[in-house]
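Chain naming follows the written order as A, B and C, and within any one chain the residues start at number 1.
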Amino acid sequence: MDKENLAAVLERIREEVPLVHSITNYVSVNDCANILLALGASPAMVETFSEAYDFARLASAVYINLGTLTREQETAIMVAGIGARHKNIPLILDPVGCGAIPYKMKIINNLFTTGKIDIIKGNAGEIKTLAGQAAMVKGMDSLEEGAGAEEAAKAVAKAYNCVVASTGKIDVITDGIKAVKINNGSAWFGKITGAGCMAGALCAAAAGVCKDYFLAAVTALACMSIAGEAAAERADAPGSFRVALIDSIYRLDSQDILERVKLDGLVG
Amino acid sequence: MDKENLAAVLERIREEVPLVHSITNYVSVNDCANILLALGASPAMVETFSEAYDFARLASAVYINLGTLTREQETAIMVAGIGARHKNIPLILDPVGCGAIPYKMKIINNLFTTGKIDIIKGNAGEIKTLAGQAAMVKGMDSLEEGAGAEEAAKAVAKAYNCVVASTGKIDVITDGIKAVKINNGSAWFGKITGAGCMAGALCAAAAGVCKDYFLAAVTALACMSIAGEAAAERADAPGSFRVALIDSIYRLDSQDILERVKLDGLVG
Amino acid sequence: MDKENLAAVLERIREEVPLVHSITNYVSVNDCANILLALGASPAMVETFSEAYDFARLASAVYINLGTLTREQETAIMVAGIGARHKNIPLILDPVGCGAIPYKMKIINNLFTTGKIDIIKGNAGEIKTLAGQAAMVKGMDSLEEGAGAEEAAKAVAKAYNCVVASTGKIDVITDGIKAVKINNGSAWFGKITGAGCMAGALCAAAAGVCKDYFLAAVTALACMSIAGEAAAERADAPGSFRVALIDSIYRLDSQDILERVKLDGLVG
C-alpha cells in the first residue's frame, strides 16, 4: 500500500463530498458532524424508522454507532442496513461498548443477517469481544489466551467477511488476510470523548468515495492519527486539543499524509 | 427599515432575557443553547408530552427544529404549538431536511393546523420545497423554473401568512410583501454543523422581545451574519471558528450593527 | 474540613479513574463526558432499560440528570437506581428544572422509594422547590419566607437523609447538620450551558472514590469553582471560557486546591 493511494482517497473526499448517513450516539454526535464537515464530507443524521430506509439508499455511506442505543435507533439501524444492502452502499459499524453490554451483540448479529457491514471500527477490547462472539456463533477456533489486537482483528474480519479497523496506541486494519498498522496518534485521544466515534465517521466518509474498503479504512485512521499529532503540537490540555483536532483535520493535505503517516505491514 | 431598529431589538434581548422553549435536534442542541446564552437569551429544552404544553405557555418564544425528529418530539411539538397558539407566544420553525425527508411535511402541516408558525427559518432549498408544497396543497401557482430564493420565500410567506427567513450567501427575509436582503456572513458557516439551527434559535430570541416578527427575523439573521464575519477575522479553521462565533455573538453591540450590517431592500 | 482532604480526593480520582454511569440530558452530555475525562474519571452513558440495571452495579457512581427526560430515560433511571441500591453504589441526582416542571418530582420520589439518592446537586431555586416538596410530603415545617439557600439545603438534606450541594454565587454543601460554603466561582458559568450539569457529574466522580459523600461533594464543587476562576483568567467571552474550563479542570492539582479554595463553615 503506497501512501500516494491514501492521499488520493483524501483528495476524492474533498472533490465528491460524500453524504454520510449517520445513526450515532448523543454524546459525540456534534463532534462527528463537525469532523465530517472538516474533512470535506457531508453529514446527515437521520434516525426515524419511516425515513432511514429511503435515506440510506441515497447516501454515499452509512455510519452506525451503538454508543447510546435507543429503541427508535434500533429500528432505524435495521432498515438503514436493509437499504444499504439493496443499493450496495457501504455500511460502517462502530460497536461501542459491545463488551460491557451484551445486548448490543444482538443488534450486530441482526445487522449482519438482514443488512450488511463492510467495515467494523472498534477499539482493541471491542474487537476482542467480537472475536469471542464469532468463535461461539460460527464455531471458529477461539483466540489463544494473550492473543493481540492483530489476531483478534483478523479473526473478526474472516468470520464476518469484512474489513476490521482496530484502534489503540497502534491501529490495525485488516481484511482477514492482509493487515496494515499505523504508528501515529496522540495520547490526548484518550482524554476527550468521541475520538473513536470520530474515527469511525471518517471511515464512512472514505468508504463513500472508495470501494476498496480496506484502503478507505487505512486512509481514515491515518488522517485521524496524524491530525491528532498535529493538534497535540498546538494544545496542551484536552479542551484546546478538541478544537485543534477539528482544525487539523480541515488543514490536512496530501503532503501531510506522505510525510507524517507511519505504516507497517503492506507498505508499498 | 433603519438599522437603529435592529440595534434596539438586540438591546431589548439583553434587557428582557427572553425564555426560548426549544425542541430541537441532538446534533446542534448544545450550540443552540450556548448561542442563545451568548446573545443574552435564556434557553430551555423541554420535550416531554406532559410538559411541553404548559412550558410553551410560559416561554417568550418557542423554537421548533425538525433536524432529528423522534416520536416523543413529534407529540411535544404538537402540544407546544397548541400552547403557543393559546397564549399567542411566537413560534419559530426550522424545517431542517424537509426536502430530503417527505415525512417532515406532515409535521409542518399539523403545526399550521393545530398550532401556529410565525417565522419559518430555512435554507434556500428548504424554502423552495415548502413553496412547492404550498403550490400543491393551497392551489397556488407553482414557482417558475429557475425562480430565486426571494420568489420562493415570498410564495411561502403568502401561502402560510408568516415571515420567512431564507438563509444562504445572501439572506432573504420577507412577510410576503416587503423583503430585506442581508449581504453579510461567512463561508465558514458551511464548514460547521448547526449554523442554520443557531440562526433559527436567534430568530426565536428576537421574536421573544419584538412582536414585529419581520423585524425580529432581520435582526436575528443580521446578528448571526456579522458575528460570523467577526469570527472569521479571528479564525482560519472550523474548530476555532465555532469558538470565535460564540465569542462574537456575546461581544456584539449596537455599534457593530450600525457599522457592519449590509441591508438591501427596505433600508431606511 | 481541611483542604488537604479535598486535595486527597482529587488525587484518588486520578489514581482510581472512577467509572461514572451517567443518564443525562442531551444538551450538555458532551460537556459532562469531557469534564469527567479531564478530571480523571471515566464516563459511560448507558440508558437502555435492558442495560441500565446491570451497568449501574458495575459503576463507581451513578449520575442522574433530569434535564431533558425521555420515556426511555425514565425507565433506565428507575432500574439504575435499583441497581445502585443493591450494590450500594453512590447515586447523585441533578434535579434540573424540577421547579418549572412538576412532573419531575414524580421521578425524584420514585428514585427515593425504589432506589437511593446520596447527593442532590441543584441550583438554589431547585433546592428550594425540593424543600417545599419535602414540607408537603413529609409533614415537615415549611421554610420561612425569605429563607436562604443554606436553610433550604439543610431542610432537604434532613428530609431525605442525603447530602445536598446547592450551587450559586456561593455554593452550600450540607448533610443536614454540618455545612460548608465555597466562595469561589465565575460569572461566566451563567453564560454557558451545562455548568450545573458538569458540577453534578464531578460530584459523581468524587463520590466514586470517597464514601464520605459530604467531603466528595465539597471537593467536586471546589474543583469546579476554582477551575472556573482559572478559566476566567484566560478567557473574555463564553466560547473561549468553555474551552478554558475543560483545560483548567485537567490542569488542577493539589496545590491549586490548597491555595485557591475559599471555604466557610467547617474549615479545619
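FYI, a contact is a pair of C-beta atoms (placed from the backbone, for glycine too) under 8 Å apart; a residue touches a chain by one contact, two chains touch by 3 or more.
Please read these numbers as outputs of a predicted model, since none were measured by experiment.
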Self-check item: Rotational angle, Cα trace of chain A fitted to chain C, multiple of 5°
Solution: 120
Quiz item: Looking at chain B with chain C, do both copies bring the same residues to the contact (over half shared) or different ones?
Solution: different
Exercise. Please work out the Cα centroid separation of chain B and chain C, and write it as a whole number of Å.
Key: 34
Quiz prompt | Junction residues of chain C - those touching two or more other chains | solution = 26, 30, 70, 242-243
Self-check item: Contact set on chain B toward chain C in their complex
Solution: 26, 29-30, 33-34, 37-38, 43-48, 50-51, 54-55, 58, 70, 72, 242-248, 250-251
Self-check item: List of chain C residues in touch with chain B within their complex
Solution: 25-28, 30-31, 67-71, 97, 100-101, 103, 190-194, 237-240, 242-243
